[in-house]
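Listed below are the structures to be examined.
Each of the next two complexes has chain A plus one more chain, namely chain B in the first and chain C in the second.
Showing the complex of A and B:
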């Protein structure tokens, strides 16, 4: 009952924040609206006992990405870019794309027969003791290939040997390369101005 | 294996549920009690340290500090300040972005308050005990910067905007060495649960993680520098910088909204020092060899509720004393060192603290390997981390139905 009430509060905040991002015209207010939306999404994750995902959502999106976003917005927001006025054509295209995407999700949700859904399956990462929401240990073990539960192993046959550590490391190295590359491209080019300009062209 | 928190602790919710026979009402009341307690622990240190800051700064500058309000030591000064600030007019400048300007102090205060939910004041004296308590606490505390940036932007003033931008640059940079230094005690303890990390350091002084190896010893000091910077304390208070930016992001604020920022600053000083105490300085343990053993008896083992409570209350005093001592060091540093320039602040972080913390991290990872050549598990007698040895962790994981947990783990190693 209280879960339901909290769900509605967070859901309305998440949806309202997302709508605010679209409707508001001041770019920093948009960013704040996005904070509300993403923060409420973290709240929804907490309600689902997915505490690790929720904490990561707070740390990475709300704490990290959005700070950089606001930082960038503050540095660039001047004159014509501070307020965003959309033309009617842009509004139409945006609305059409949004509506299409919404209908895809809506059809998917409606298509699932929730009543007959087999609820005996345990989630991939389940809390390891009676306390709700301690999923990080199960996630960590799964990362190195020790299954905390085998019922819903993604690859049931070889699930006990394959962890997610290698894919995780590959992705993180990729991200690091991208970061270094971005820093290289964006750095102040003082001495080799002509060379860099030639290279860019 | 001593019983863990989950085995022994009786939650307020379960007690209330016994009395009330209503789950949602019990949950609601328990939430109210928790929030009231956390708000008390949030406000009390802030009030004390605002007074302490005035007294200590006064003594450092060879004056008396507040003496008139509240008897001999001026101890009512913080309350008098609060009363004065409530009376002031709540001004919003014309150039400001009204809603954002008004909401920014709340973002700062709420994120600082929320961090106290995950801080154990003594064994089990914690609002929400999670396996990722430390991670979540750092995540929540990193939200504080959003409020400061919003305040800087929404004030509609150049001074405030400069302060906000400096704050953003500083916070984003200092989070990196701080997080790396926090990982070092986690490697030693093998847990992210702050309650567990605190409980591990029982016994004697050598069991404190700061004395576990040379790398964690140095990591404590790097962490403390970063923590000071993350609280915007001098010599890193570039966001305020009275002598250059009027008052930085606080320039346009007045009255109670202004005091919210300070409440949050002093509370997060206590929070980061609390993390330092739990991660490095033995948590609620005294560090005196005999005494800790005597206290651990009732704390972890006894059935008598009163003795457990008393031992925990003493632990709370020890924890509060250690954290307050660290806060006093921050105050001492603030009134001793001059403010750095913004480029010096960034250079300190990116050119020195980040590489140092990376080296310390690598060292802490290699340390057990180096020790294993000498045939010891620690440089001291009793191994830290005994209570959270990895084998116990694997046993507590419910294994698949058809095989025992130990079989499933060995399967992963020996399988074809």
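Showing the complex of A and C:
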């Protein structure tokens, strides 16, 4: 039963935070609402037996990406840009389109009979091989292509050959390129102004 | 109602739709970025819920990890672009970025 209560608390916080991001006008309050939403999503991940993903969500998303966004808010939220009002007509159209879009998705989700999918076993619990719910070892083995329900070195012929090593490497290179690109983009203007200032002097 | 797959999918739908509406209606560039984060997070909820409730297994969790990492990378680059836009135009209102409109 406590799982039920936790689910509803996290679900209401996640959905309410997401709706708050849309409704609130002040950019700082929007950022705080986003923090609540993403943090509660990490709680939902914990309830779904995905502890490694939940920890990553807290560390990378809430701890990294949102801090980056809040720095952007602080650097740009000066004077009139802190709240940019929409006209009431835009607000009405936005709300109507959002409600229609949500009803399309909701009716689809409710209509489909998910019970027909294979739920005879609990795949994640089986893969983790223990009752502690620790998925980090299983995810690590899955990344290198070893099915987690076999011991390392045994049943090698049974193992699937396709792991996630290539996507992992691509993402690594992608992160490196993004770091260099972001640093370049953020530096370019400052160099220009210093050159211009030097030229003026 | 129990915390079944449908409930998680509905939560994911709420976050996704909120993100789309946020991207479409907000005029502050940083707020548009927040909408993108919400959309990616709603998709992540769906991935992890399917990973738990169907035979998808751990693959859903691994894909959601990739989504988290790519969202972080996207936020870094988009924020650098937004700061450059702010430096050049002295505003963060995306409606003012119409130089390419012709």
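By our rule, the second predicted complex is superposed on the first by the 145 of 201 C-alpha atoms of A that agree within 3 Å, B and C clash if a C-alpha of one lies under 4 Å from a C-alpha of the other, contacts with A are read in each partner's own complex, and residues count from 1 in each chain.
In this section, a contact is a pair of C-beta atoms (placed from the backbone, for glycine too) under 8 Å apart; a residue touches a chain by one contact, two chains touch by 3 or more.
If you're wondering where the values come from, they're calculated on a predicted model, not measured in any experiment.
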*Kindly classify A:138 by the partners it touches after superposition: chain B alone (first), chain C alone (second), both, or neither?*
both
*chain B or chain C: which reaches more residues on chain A?*
C
*asked:* On the A-aligned overlay, A:13 touches which partner chain: chain B = first, chain C = second, or both, or neither?
replied: neither
*asked:* If we overlay the two complexes on their shared chain A, which of chain B and chain C does A:64 touch? Say first, second, both or neither.
replied: both
*Can A:52 be said to touch chain B (first), chain C (second), both, or neither?*
both
*Should A:35 be classified as contacting the first partner (chain B), the second (chain C), both, or neither?*
first
*Contact residues of chain A, present in both the chain B and the chain C interface*: 52, 56, 64, 66, 68, 71, 75, 135, 138, 148
_List the residues on chain B that touch chain A in their complex, please._
6, 23-24, 27-28, 97, 99-100, 103, 129-132, 135-136, 138-140, 142-143, 145-146, 149-150, 152-154, 161, 164-165, 168-169, 171-172, 192, 393-394, 396-398, 400, 408-409, 411-412, 415
*In their shared complex, at which residues does chain A touch chain C?*
3-4, 7, 11, 14-15, 18-19, 21-22, 27, 30-31, 34, 37-38, 41, 44-45, 47-50, 52-53, 56-57, 60-61, 64-66, 68-69, 71-73, 75-77, 81, 84, 86, 90-91, 94-95, 97-98, 101-102, 105-106, 109-110, 114, 117-119, 121-124, 127, 135, 138-139, 142-143, 148, 164, 167, 171, 174-175, 178-179, 181-182, 185-186, 188-189
_Residue ranges of chain A touching chain B (in the complex, touch as defined)_ = 1-2, 26, 28-29, 32, 35, 51-52, 55-56, 58-59, 62-64, 66-68, 70-71, 74-75, 128-131, 133-138, 141, 145-151, 160-161
*Which bits of chain C are touching chain A when the two form their complex?*
2-11, 13-22, 24-31, 33-35, 37-38, 41-42, 44-45, 48-49, 51-59, 61-62, 64-66, 68-73, 75-77, 79-84, 86-88, 91-93
